[in-house]
Amino acid sequence: MPFRRIIWISVLKDQRETARTEAFSDGVIAFAITLLVLNLKDPLLDPALSQKSLFQGLLGQWPAFFAFVTSFATILIMWVNHHNMFTYIKRVNTTLLFLNGLLLFFIVLTAFTTLLIANHVGLKQSSDGTTAAAFYSGNAMILGTVWSTISYYCAKTGLVPAGPGGYRFLVGPLPYAIAFSLSFLNAFLSLVVVLVIAGFWTLASRGFWRTALAQAT
Amino acid sequence: MPFRRIIWISVLKDQRETARTEAFSDGVIAFAITLLVLNLKDPLLDPALSQKSLFQGLLGQWPAFFAFVTSFATILIMWVNHHNMFTYIKRVNTTLLFLNGLLLFFIVLTAFTTLLIANHVGLKQSSDGTTAAAFYSGNAMILGTVWSTISYYCAKTGLVPAGPGGYRFLVGPLPYAIAFSLSFLNAFLSLVVVLVIAGFWTLASRGFWRTALAQAT
Amino acid sequence: MPFRRIIWISVLKDQRETARTEAFSDGVIAFAITLLVLNLKDPLLDPALSQKSLFQGLLGQWPAFFAFVTSFATILIMWVNHHNMFTYIKRVNTTLLFLNGLLLFFIVLTAFTTLLIANHVGLKQSSDGTTAAAFYSGNAMILGTVWSTISYYCAKTGLVPAGPGGYRFLVGPLPYAIAFSLSFLNAFLSLVVVLVIAGFWTLASRGFWRTALAQAT
Amino acid sequence: MPFRRIIWISVLKDQRETARTEAFSDGVIAFAITLLVLNLKDPLLDPALSQKSLFQGLLGQWPAFFAFVTSFATILIMWVNHHNMFTYIKRVNTTLLFLNGLLLFFIVLTAFTTLLIANHVGLKQSSDGTTAAAFYSGNAMILGTVWSTISYYCAKTGLVPAGPGGYRFLVGPLPYAIAFSLSFLNAFLSLVVVLVIAGFWTLASRGFWRTALAQAT
């Protein structure tokens, strides 16, 4: 077999493995993002609200909607960055496979922490609301940490080009740590911060990847 | 590296990115369409119906079946059009990525508005039925608007060929606006209109894409 | 652009469309088959069984397990045949897209009819058990009919090679019609017939596709 | 048609079939792993716990979290091995398709056995806890057996290179048999063993596939 063909086959094989890891991750992320909708419930099924109209019940459910939007935005921007990162990664090794598994674990767990927010956070402060917000932003903080670890690992091992922006992801857990701290003061405010972070990453990721692409060309 | 190969690799990379966006969207849409089935429940689990036979209970559940069919048809035709549109799109930019995310958000939300229809709309008018129908058709109207925005954006930026039919999607939200208005008069009728719109797009999309393909050749 | 390249690009495009239809169908089928597990419930959550041990409760739940196995086997063999059929289909047109959508609709509906079986069918005859079994086998019969229609359409339009076995799928709804008729006599027996049919197709499909492949070569 | 092209097309077709089987399996596995999150419930919805704070409720739910982590890890390592195995498999026959279906069946069933663990296993021994742990580890033992059967079948028929490690997977069900036996002595301990096995396979699979790849080169 000529040498060029061996390289070609090896490249194809690496790409196929990478593609399958991407596909599996996309599957899990797509399910996790869709499962969030199960946290929205018919408000009139709650006996405490059975006297109210559906419209009043839905209005009263606004924290569930807010949590749904926040989690959807957070998972979507993670998918976009995951997608962008994997356009660089040519080869997946076992370490990356399990770091990726850890990322997926906490993305899936978001469906549960969102449920806690939907059931326990409102404009009124309550100790249960604080607990829910702390679990929600705590989970987001872990996600940021895992994400930074992956970025660091990929940059260190040369899986993605380092560049000036390569380590920018290291700040990942910091804003979430602020949201986590805030959750003990005001549960709702910490949720707003998580949504703002998602919006920030949306804008930042556009610039970041454009720069990275420009450098790579 | 010869110039031709660079272009080839660049085309492959764009196709891979586009393919992954398609795959993620397909995952979310496929999941959202399948989750609709969870809105169909065993009628005898409802204590109010425990005296009835299963057959009577299932007959009484016809609004849930009707909503299931309507939402399935609506999401399916959206998938078909999404599929057709992406056969033109060669390159996904960040703006399209987030417009696509917005589309997915309201497609996923359809599972919730369908639940409201299943629980609250019947042949008898009721204020809760009106609320449910307004949320259902309102969500469909937003979907039509997002869809038109994507069409307009793709046509304007040249991501898909404009042609005479290129702006036809701009009428997207109009029929849904009619369904939304109707929901305040008769909840069930507005649901029928949404089903009719899905049927119309089914026929229209066949002609539209055939014309577009003929022009492109 | 040389003529050969145009053909090549056109072939690639057709394959990509076909591949995406396959991927979407696979997504829906994979979700539908996995959602079946939600029909298995913790028996001790049922207040009527709270006095029993978990083991007794699980034993008493055998119809739910039986329905789970039957539906899993039925959907899996449909996926295998779908998979085999699509190895022939080179080009997907809109008619096939919507026939495929109809097939997916009734595959998704299987999760609901399985739920009815799990809740209402036992060794004792009951009118609710009859209703559940009639809906279950009736849904399977419609699936068989849609499947035959797709086979007939593909054979007629030359999308798959006709051959002697090409029309064999036309018998699709017949055995399910027997199961449907039986459901009015004995609900459990009709369920056994559906499982036997799945087993039969498993064996038949092996021979059928081997013959078809041999003819195609 | 020149001979080389026929072989090339045939290889492409085999790869496409294999890729679709992988994609379907990945879909089911990704879905099954994500559905596990539904076993985590808002503890305050349980009337018995309504007096407690959310934090106390979540702490009391630790067996559900432990079962979630264990099942996530078990399914993930199975996916990694499935992924690795399929990098060798060039051609999928019907026997492998159905063995794979059997594997998916028990992977999907894991969501149910995890639910039983979440509801019935704690630090206190109870007969229901024993039942739940026996079903959980019993299901894992069957998974190990199916997995060994697939490995044996692939090695025997030459679908994957045999090598010295080729039969190592035959030990698959053994550690799970130990976990199964332990479940009758101490339910929680058997769960710990299942988690340890997942950790062991994680380390073992790294070495195993590296050796196999080295031999193949």
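Letters are used for the chains, namely A, B, C and D, taken in the order the chains are written, and counting of residues starts over at 1 for each.
Methods note: a contact is a pair of C-beta atoms (placed from the backbone, for glycine too) under 8 Å apart; a residue touches a chain by one contact, two chains touch by 3 or more.
Keep in mind that what you see is a predicted model, and the values were worked out from it rather than measured.
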Chain copies touching (chain C, chain D) - same or different residues, decided at half shared: different
Rigid-body rotation angle, chain B and chain A, from Cα fit (steps of 5°): 90
Distance from the mean Cα position of chain C to that of chain B, given in whole angstrom: 25
Geometric centre distance via CA averages, chain D-chain B, whole Å: 35
Per-residue overlap in chain C, given as positions that touch at least 2 other chains: 23, 27, 31, 38
Residues of chain A that touch chain D when the two form their complex: 13, 16-17, 20-21, 23-24, 27-28, 31-32, 35, 38, 94, 97-98, 101, 104-105, 108-109, 111-112, 115-116, 119-120, 127-128, 131-132, 135
Sites on chain D touched by chain A in the complex: 19, 22-23, 26-27, 29-31, 33-38, 40, 42, 44-45, 53-55, 58, 69, 72, 76, 79-80, 83, 86-87, 202, 205-206, 209
